[in-house]
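Chain IDs A, B and C follow the sequence of writing; residue 1 opens each chain.
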Amino acid sequence: MDAGSILTAAGVMAGIGILLSLILAIANKKLHVYEDPRIDTVDELLPQANCGACGVPGCRAFAELVVKGEIAPGKCTVADPKEIDKIAEFLGVDAGGSDKKIAYLACAGGSNVARQRATYDGVKTCQAANLVAGGGKGCSWGCLGLADCERVCDFDAISMDENSLPVVDAVKCTACGDCVEICPKGLFSIQPMSHKLWVACKNLQANEEAEDECEVACTGCGRCAMDASPGLIDMVNNLAVINFEHNHKANENIIQRCPTGAIVWFNKDNTESIKGKNAKKIIRKSSIPMG
Amino acid sequence: MDSKFLKIDISSSPHVKRPVDVKKIMRNVVFALLPVSAFAVYAFGISALTLIVTTTFFSVVTEYVIDLIEKKESTVGDYSAVITGLLLGLTLPPGFPIWMAALGGIVSIALGKYLFGGLGFNVYNPALVGRGFLQAAFPVSISTWHPSFQADRFTSFFSSNLAFPFAKPTVDSVSGATPLAAFKFEQKSTEVANLIFGQTDGSLGETGGLLILLCGMYLAVRKMLDWRIPAGIFAAVILLSVIFNLINPEKYPSAMFMLFSGGLMIGAVFMATDMVTSPVTSLGTWLYAIMIGILIYVIRVWGGLPEGVMFAILLGNSLAPIFNILTKPRVYGTKKAGAK
Amino acid sequence: MANSFKHGIHPPEKKEISADKSIKRFPFAPYLVIHLAQHIGKPAKAIVKEGQEVQRGQKIAEADGFVSVPMHSPATGVIKKIAPMLDFDGKMSPSIIIEPHPGSDQNVLVGREVEPDSLTPEEIVKAVQEMGMVGLGGAAFPSHVKFSPPKDKPVQTLIINGAECEPYLTSDYRVMLEQAKRILRGIKIVMKALGAKETIIGIEDNKKDAAQVLKDAISVDDSAVKYVKVEVLKTKYPQGAEKMLTKALVNKEIPSGGLPADIGVMVSNIATVSEIGELLPKGQGLIERVVTISGKGVDNPGNYLIPMGTPLEFVLKHAGVNEKARHVIFGGPMMGKSAAYLEMPITKGASGILVMTEEEHAPKKQKVYPCIRCGECVNACPLFLNPSRLGILARNDEFDKMAEDYNLNDCFECGSCTYVCPSNIPLVQYFRVAKKVLREGRQRKQQSIAG
């Protein structure tokens, strides 16, 4: 190895390197694709969850549409509202925020209040249990408690409480709709958080028949419908159904005469549901024994 | 309407089951291996006992520890680790250093089973993975043989058993060659009767050919072993041996010699029949068995090693998924295999 | 040498519990629940009102369209309520509740007699629909629809299913022993409706005496002896499945996704044919059926003629349910459905009520091992599917692959694979969930495409 060959090798390598860099530099200039620089700024303010709650595939794609003016920044219900306001200000558009939407559960029948009529043995998912005589719960519309919703939620927004009833975390929920799709009893629905009045039951049986199976069932007594403004609540097949076009008429007094506490009122951040004064107090903490 | 007079259960159909499960099958395989192990101890003494116990112990412990690390329920109770340990032990030469045997037990379970995902997911027979590892890592010790039925076998170890971990193993003064090696490298043949009844040198499980066959038949009768696999292997080996033996009896050994020498008996009956690594379809199983039989013969006669069972079975294991796909049966009511 | 099909399993038969008990009538329960949707197709429409008096045999609901059948009242009494009640699957289904008059008897009063020989095939089909007849083997498919195959697929051979391959069940066996003449009458009627040239009755060889009774009845009947024959089949499960029965008797396979009419056959259960033979000439409707009540959980097992709509509670009490009973099954142990709500009634498709004790039933909470690829399921599946691979795919939620590459939709859930699996994998349950997800996905897709 003499100095001459080392220098030759180094020189050739350097030459190739310079040549290739020149080619890259020219290509960068000549083949440049113009992209609105605002897209980067908007993209940085988005949460980067790529969850699809806005209906667009990915945050980058959403940023492109926002800059083009085809979608309102407020459509991203997952982002912090302050970031959305920043985007709106930066682009000079209206935030157009909609009410954050989350998943609502139409059942309050945990194992401490809802009777199990038969013990289910088999694959431990709600979808499988529902195919075996409906799961064996006394109320055939009620939650089976085998946590398909908890497993399918990609955002850890659903957790099962000590009575095997799912609880939705309003902060983490992105209203992606996976739980709506997977629940075999169809108990989840996506509602705006402004819906504070809610019937947490789907039971179509009346009076004692319903209460025998679940202590917090809607018995179809109709008191809430009477106490509400006309047109807000209809009694359909022994179940109270709220017409949310009249949601502005809903108030906390409606729930007070409910004997079981099936109709509830959500507090400010939907972290807690409040039952009426007359609702029977539930003291049992563990599952109802069978037989 | 509340009917509280009966406490009832619900489940999906079918509501009855055959009273056989994995644990029962594995337990019976262990029972079938015990006489073979007992014979090995009878032939080779406390060396054999220690080796077999070591491989089994370390296999089971490795499985237990891995389950602990993965925070899963312990699967030791299904006896599959015990089987792996016993089989690995039975493939080892009697003078094998004990520390190497322990390592083999650990590798069998960790690399041969858990690396693939545990019971039901492994591609290769775990005992053979361990054996293959030992063959590659310690080629000298794995091919050093000692004679059977030594007078002092119940009171003293072969000196190589007690070799210090990682120290260079001592070469024993009393060592011999297996019948296969003798035939291949020295053109010396062995009495078939000696082979069948285990009066020769060899690995721990090689020697009791007839006993292995009997234990295998016990399992086949109880429907816990697929008889088609040993049948296919024997058929292929016998056919090839007979043809070539007729051509040149000096160069090519007889069928009986082929069947009862080396690890063919134990490989065909206990290793190739491992359910996880063998095909599921009927035709696929026959093809797999015949291929293994052919490979055993080819490696033994024309390959560089005297013994071909391990590699033949490992190759068979790697092709089992392909056999499954190739022999996909025609579904009832369709025109050809795989048609909708 | 008895005919058979390939693969299959042979679970313990357990028929001796009720085999020698002749058919006995069941008394009326205090109330009867008639589901309007107990058959495949559209539910029947109620034509009575609450408080109305009805007679035994009177039509109380009419068919809604072609794939639907009417319902008749099993008792003389009063209509108590018309309301949704729970069905097998835990869903509310429209029902009529009848309260029989105390002391009302079980002689039928309503019915207009006809001479079956004078009817045309179309008239026979109409009459079978008017009877409210559905397949009594368990599927509850409207029989008249089966008896009117498409014009381009004529039926040559009528196959009568007397196999009764499920363990415990003996109702078809008793029907064969006690109602041979009715069966032959029914066969003649059905053959005329179909235009079939011959009839083969398939019976398993564990019921040789029933086969002999039928053979004797045929030999003394001038017309039946010309085109009805009895074939004895090897006792194996699921011999009574349509596909297996056809293969064993005429050695042809029903095409995947196709119907028996595609190969010129039609399969009917023997109890169905017996009821047609008895009720059609009298112009009466289907109001009761033979049900096997068996299992160690009842003290009086047997084969009972039970009025439709009798609640399970009443059936169990009358059959002497004991405190060892743990599991109640509608149908046989291999394909039957667990009953969760004991107020559910006997329906047209209930061929058996099994009351099993803890020891008879598959052990609860068995440990499920991973698939060890032993191949037992592949050897058991009568359709030559690969349940092992289907199970592995199901665990990974690869439902589309199961349907496209491994013929999931051919599986009729006989349970042979799950029966033999040493790893206790609940294969049939996985397949049911997979089929449901695929069906719903397709429906949801169609709905979103539609609008």
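One rule holds in what follows: a contact is a pair of C-beta atoms (placed from the backbone, for glycine too) under 8 Å apart; a residue touches a chain by one contact, two chains touch by 3 or more.
Just so it is clear, the structure is predicted and the values come from calculations on it, not from any experiment.
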Top chain pair, ranked by how many C-beta pairs fall in contact: B-C
Going by average Cα coordinates, which chain is farthest removed from subunit A? B
Taking the mean of the CA coordinates per chain, how far is subunit A from subunit B in Å? 54
CA centroid of subunit B to CA centroid of subunit C, Å: 49
As a quick test, compute the distance in whole Å between the mean CA positions of subunit A and subunit C. 44
Give me the residues of subunit A that touch two or more other chains. 117-118, 121-123, 128, 131-133, 136
Residues of subunit B touching at least two other chains: 1, 6-12
Using the touch definition from the top, which residues of subunit C touch two or more other chains? 337-341, 364, 426, 429, 432
What does subunit C use to touch subunit A in their complex? 84, 86, 88-92, 337-341, 364-365, 426, 429-430, 432-433, 436-437
Subunit B touches which residues of subunit A in the complex? 117-123, 128, 131-133, 136, 138, 209, 212, 290-291
Would you mind writing out the residues of subunit B in touch with subunit C in their complex? 1, 3, 6-18, 20-22, 24-25, 78, 118-121, 226, 275-282, 285, 328-334, 338-340
Residue set of subunit A touching subunit C in the complex reads 117-118, 121-123, 125, 127-128, 130-137, 140, 204
Please output the residues of subunit C touching subunit B within their complex, sorted ascending. 9, 11, 167, 243, 247, 253-258, 313, 316, 321, 325-329, 333-343, 354, 356, 360-364, 366-367, 369-375, 378-379, 382-386, 388, 404-405, 407, 410, 413, 415, 418-420, 422-424, 426, 428-429, 432
